[in-house]
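Following are the structures in question.
What follows is chain A paired twice: with chain B in the first complex and chain C in the second.
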Partner chain A sequence: MLAFMGDILSNGPLYESTFRLAAVLAFAAVGEWVAERAGTINISVEAMLLGGHFGAAIAYTESTNFALAIAVGAIVGMLVASLQGYLSHYLSADQFGIGLTLNILLLGVAAFLQPKFDLSTKLANVVEIPLLSDIPKIGPALFAQRWPMYLIYVLIPVIWWLVMRTSWGLEIRAVGEDPQAADVSGINVNARRRQAILIAGLTSGIGGAVYLFGQVGRFESSNIGGKGIIALAAVIFGGWTLRGAVAGCLLFGYVDALRLNLPNILGYSLNSQLLASLPFLATIIVMLIFAKHTRQPRALAQPFIRGLK
Partner chain B sequence: MTTSKGVLTRLKLTRDQVELLGLYVLCVVLALAISALLIEFNGSSWTRAVEAIFDGAFQSKGRWGETLRRMAPLLIVAVGSIVATRAGIVNIGQEGQLLVGTTGAAFVLTKIQPGNPAMLIVGLIVGAIVGAVWAGIAGWLYYWRKIPIVLSTLLLVYLSSQIASYTLTRRQLLLNVVPGEPNRLLLSDVTAPKSRLGIIEIFGNKFPLSVPIALLIAVVAAWVLTRTVWGFRLKMLGMNPRTARRAGVSETRYGMAAILVSGAAAGLAGSMMLAGGESQYKFSSGFASNAGWDGLLVALVARNNPIAAIPVALVFAGLRSASTFLSVAGIEGVLVDVVRALLVVALFIPPAISELRRKRRALANLTERT
Partner chain C sequence: MDAGRIHGVLGQNGAGKSTLMKILIGLVTPDSGEIRIGDQLVTITSPQQAADLGIGMVHQHFSLVDALTVWENVILGEGGMRLDRKRARQLVGEIGDQYGLAINPDATVGNLSAGQRQRIEIIKCLRRNPKILIFDEPTSVLTPDESEMLFRVLRQVVQLEGRTVALVSHKLEEVLHATDDVVIMRDGKLVASMQTSGTKPEELARAMVGREVKLRGATPSSAPAVSAAKTGTPGLKIEGLSVSSRKEGVELNGLSLDVYPGEIVGVAGVEGNGQRVLADVLSSLRSFNAGTIEVNGVPVKEGGAGAMAHVGIAVIPEDRHDSGCVLNMSVAENLVLAGLEKVSQRGVVDADTVRENAEKLIAEFGISCQSPDAPMWTLSGGNQQRVVLARELSADPKVLVAAQPTRGLDVGAIEYMGDRLRLAADQGVAVLLISSELEEILHLADRIVVMYRGAIIGEMPNKDVDLERLGMLMGGAQ
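Up next, the complex of A and B:
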């Protein structure tokens, strides 16, 4: 048993895939965190990831330019986000219904359009950051990755600064806590919420693209398969703080990596259904153990229509 | 102008209702236009697609029965989720509850006393109970640990498909191995012939007994929700939990009951699909094929009114039964998913706009007076 634990702790590939999988979750979770701070439980984060994934695949096939493809992925993510935002925070339709429909719509559109394009994508280059990547174990995992992965290091502090240190961010948080008060003080509540969802679309779109170029290399419409939902869980697990959400992503990324690497470490294959359900099972169990009565944004999932209540 | 005004006054439609109707027509036409563009982009002709949809949904011989057969599970799932929504609970894991419930029912219907017709009842009850328990997990997670139901029900959907496929890899559970045949598709045995739902035939349209049962469930649910104390308490809990608590409505008890009912409905819907002949009475891991999602969307489009859910479910079922005809016409079945999702988005918009306008008018009146 001890040897087994040792194997897990000393397994380099495990650390590396933990980081890669956690990074993808983190892209989605960072945006989702902004959306939730503004008061939306944004289920369509799944659709945004898939949109970014697919958009990037098409753009790369046409242009063979990674940066452009990632930008297109971000734009597609934001398109999905604008649909979600406009429908749920302009027309005040049910946000869960819209999110669910968008998830189904994007899966359908991707499956429908995929044969029309002769998609050919590949992984981006590995860029090792000198010195830092020489740290044993953690170094290669964090600093010797395919370069799109490094975007997460930029994104997290930028988003944190935006939400916690700018007046726009203060308004975002105000809108999620008490929309009536925010409205009275002159903030356009639904506009702020739409913008927060757009941020979610941006980061998730990038996340979908990065997943394509940093981890899988080839588009499949089943690739995303619940990653958005786990990112959603990470935000809630983190008690609506950014560092908590990132910690959640690392934890869930680790479980996902374990799923991929466990057969190699153990030397025999486990039941495939058990492995496939591991991330979701672990998410539920982790939430069960750690869910404290954290204070959620008070107006979470409540639509705002001026003059009511 | 005068004639149309005359018609309107005779129909006694208010301005709001006319507006709503117009918006519905506009949005649906827009959604269909986008779908038509997609089909043209795909290199097929949209007129053929429309023909195929109408043929598949009801024009061809016996298709009405097919559409009705597919309506039943959607309607039952929708009624269940309406009950949950009334209590202010957002259960969006019907797809998983349906699949797990059906897994339970499939076990009873294929393995236990195949000759006994009473097993049909047992199977349906087991299906409903398993579905309820699966949804109950989410409820328990919420009331014990405050894990949002939206999240846990979604996570449970992903787990449920793994559970279903697991049961289909074990022969003592559900897997049926046909000797001499490469068993790539993991399928269960056919359900026992004695424990299947009766088939009704009207003018060459065959549909199982689940159709009248579903209609009955919708009517009963409408009555319970609007005419009983239990329904009133659910509504109170959904509209204002604080008031409900003050009035002595236990949040846990009524909330839990609502979740269990919605899960049971999903499980029952799946079991009736199986007992009513879906995929030749055989269970597979893809058995649910979005029936849970569709049922939920029916509930949302029907604005949580069980009676309104009946026609909406019929439209959705029509699209589902048309999808086979579309593939025959050379249009991918995936397209139906796209069209349906577009249609749902289109159906969400009008009530939202009209509500918004109504409230703005009310607000304008209010500010005028003060």
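Up next, the complex of A and C:
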């Protein structure tokens, strides 16, 4: 058993895949965190990831420019976000219903459109950051990645600063806690909520693009397959703090990495279906333990209607 | 309102005070009429705009976010990009010093007492330098000391800074004590306007309660001899009922009340003094911390949905859409919802019985609907209320609780409801009428009790009702 634990701890590839898998989740989770702090449970984060993934694939095929393709991915993510925001705020439709519908819709649209484009994409270059990448075990995992992956290091502090240190962010948090109070304080509640959803679209769209150029290299409509939902779980796991959400991403990324690397470590393979269910099983167990004990934004998932408490 | 004075706005619930104030801060848009500030004609469509026009409101519950700190709440909604924590904290300190409203800027609002929250509300409001300040029932959650301090601040902003203050209240003493001028509202109209000094509380009480009550000589038409009814075992006996919660504090405070079979007892009082909680307890929607409830001398075992209904307490709830009926189900279904076991065998609902029951009740209560299968939402408000009434009375209740039973109904429907309540009482039901409309109570009740801060603080028979005393009791003066 000890030897087994030692194998797990000393396994370099395990660290590396943990980071890679966690990073994709983190792109989505960072945006979802903003949306939820503003009071929206944004299930369509899955569709936003897929939209970014697909949009980036098309844009790269046409331009062969990574930066441009990532930007297009971000825009497609925001398009999905504006649909979510428009439907749930102007038409006051149910935000869960819209989210689910968008997730299924995007999957269908991507699968339908994929053959119409002759998609050709590839992985971006690995950029090793000097010194830092020499740290044993975690060095290569964190600092010897394909360059789009490093965007997450920029995104997390920027988003945190926006939400926790600006007036706009204060208003976002107020709107998620008590929209009526925010309204009488002179804040346009639904505008703030739409902006928060747009941020979710932006980061998830980037996340989808980064996943393409940083990890898989080739578009498949099944690539995203539940990552958005796990990111959503990470936000809940983190008790609606950004720190916690990132920790959640690392945990779920680790479990997913274990699934990929366990056969190598053990030297023989386990039932692959059983392994594939590991991340989801871990999500359920973690949620059972943590979901009750944290404090969620008080107006989470409640639509805002002026004057209605 | 003249500038530089404190104006009291006095009136019962439903008189239109809150609506008027909501219009001023842009939460409600008026259908017609003009608002002028200075010489300028304005239309106010949102709270943002009201703030721009220099109107600030100190809300009782509305505008603080519990999860944020004091300084965050004070600057919330000011826009801009940079969040200057240092400046904001300093600001809270400065305004606090200037008005004697000291508060720790880093405290989380959710942990503070009602009085402290109000300080923040006031600081937040003054921070925007308003010309006109509106205070909505500001002392309802304050201790006497805190109220006194509030009035001192009001004096200061009016006398030293020339602002205008509107103080909305239903408390006579407070209006007399703290204002320069007072206007009295009733039924959405302004009925009196006077200078406060030299005015007697009795005058205000009379103006607040209104004219109709003086014409009332002919009313309690079918009222039986009250003293005769008030013998034997009470149909409903409530003793020492207390309800408190962490969020709302003490809501019912040792309330005791008897209702005898054959009489209608009217619970008068300004809304928000626990009437809703009382109705909720009698509907098994809330549980209570202490006290007993007896029906015909038998204590009711609390707990579980429908516990009160099983022992014969029927309720016409305050909000029929919320807890009175299911709008998307048919009239026939709504009529049997409270007693499904009567129309079903071994868990299977018998459609014929449901239909017969519906046809019988539709005829008996004159419910106007296309068919028993018409969805509830196709009915008018008055007919929906008849469905609720028919269902509750068809269960042969021992006690009938009617909470604001005529709210939102037209004149004809109101009259019908009154007749039905009287009929129920004549048939030996103990009827408890909870209403914020005093006229309704004066019209229907045999006995009137006044509720104030979660307890009954006074009682009088309707036939020799003393309106001045009633008005004083409702204002909290014993």
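Heads up, the rule we're going with is that the second predicted complex is superposed on the first by the 305 of 309 C-alpha atoms of A that agree within 3 Å, B and C clash if a C-alpha of one lies under 4 Å from a C-alpha of the other, contacts with A are read in each partner's own complex, and residues count from 1 in each chain.
The criterion applied here is as follows: contacts are C-beta pairs under 8 Å (C-beta built on N, C-alpha and C of every residue); 3 or more make two chains touch, one makes a residue touch a chain.
This structure is a prediction, so every number in the text was calculated from the model and none was measured.
In this superposed model built on chain A, chain B and chain C take up the same space, so to speak, and clash.
When both complexes are overlaid on chain A, the residue A:306 reaches chain B and chain C alike. Touched residues of chain A were counted for both chain B and chain C, and B has more of them.
Once the two complexes are overlaid on the shared chain, A:166 sits against chain C while remaining clear of chain B. Legend: residue contacts after superposition of the two complexes on their common chain; A:94 is shown touching chain B, with no touch to chain C. In the superposed pair of complexes, A:107 makes contact with chain B only, with no contact to chain C. Of the two partner chains, chain B is the only one that A:284 touches; chain C does not reach it. When the two structures are aligned on the shared chain, A:263 is found in touch with neither chain B nor chain C. It is stretch 27-35 of chain C, out of 27-35, 261-269 or 387-395, that runs into chain B when the two complexes are superposed. Shared contact residues of chain A, touching chain B in one structure and chain C in the other: 306-307. Across the complex, chain B meets chain A through its residues 38, 41-42, 90, 92, 141, 145-148, 150-152, 154-156, 158-159, 162-163, 165-166, 169, 290, 293, 296-297, 300, 332, 334-335, 337-338, 340-342, 344-345, 348-349, 351-353, 355-356, 359-360, 362-363, 366. On the side of chain A, the complex with chain B involves touching residues 41, 43, 83, 87, 91-94, 96-98, 100-102, 104-105, 107-109, 111-112, 116, 225-226, 229-230, 232-233, 236, 271, 273-274, 276-277, 280-281, 283-284, 287-288, 291, 293, 301, 305-308. Interface residues of chain C, counted against chain A in their complex, comprise 22, 25, 27-28, 47-48, 51, 57, 59, 62-68, 72, 75-83, 124. Within the complex formed with chain C, the residues of chain A that make contact are 165-171, 173-174, 177-178, 180-188, 295, 297-298, 306-307.
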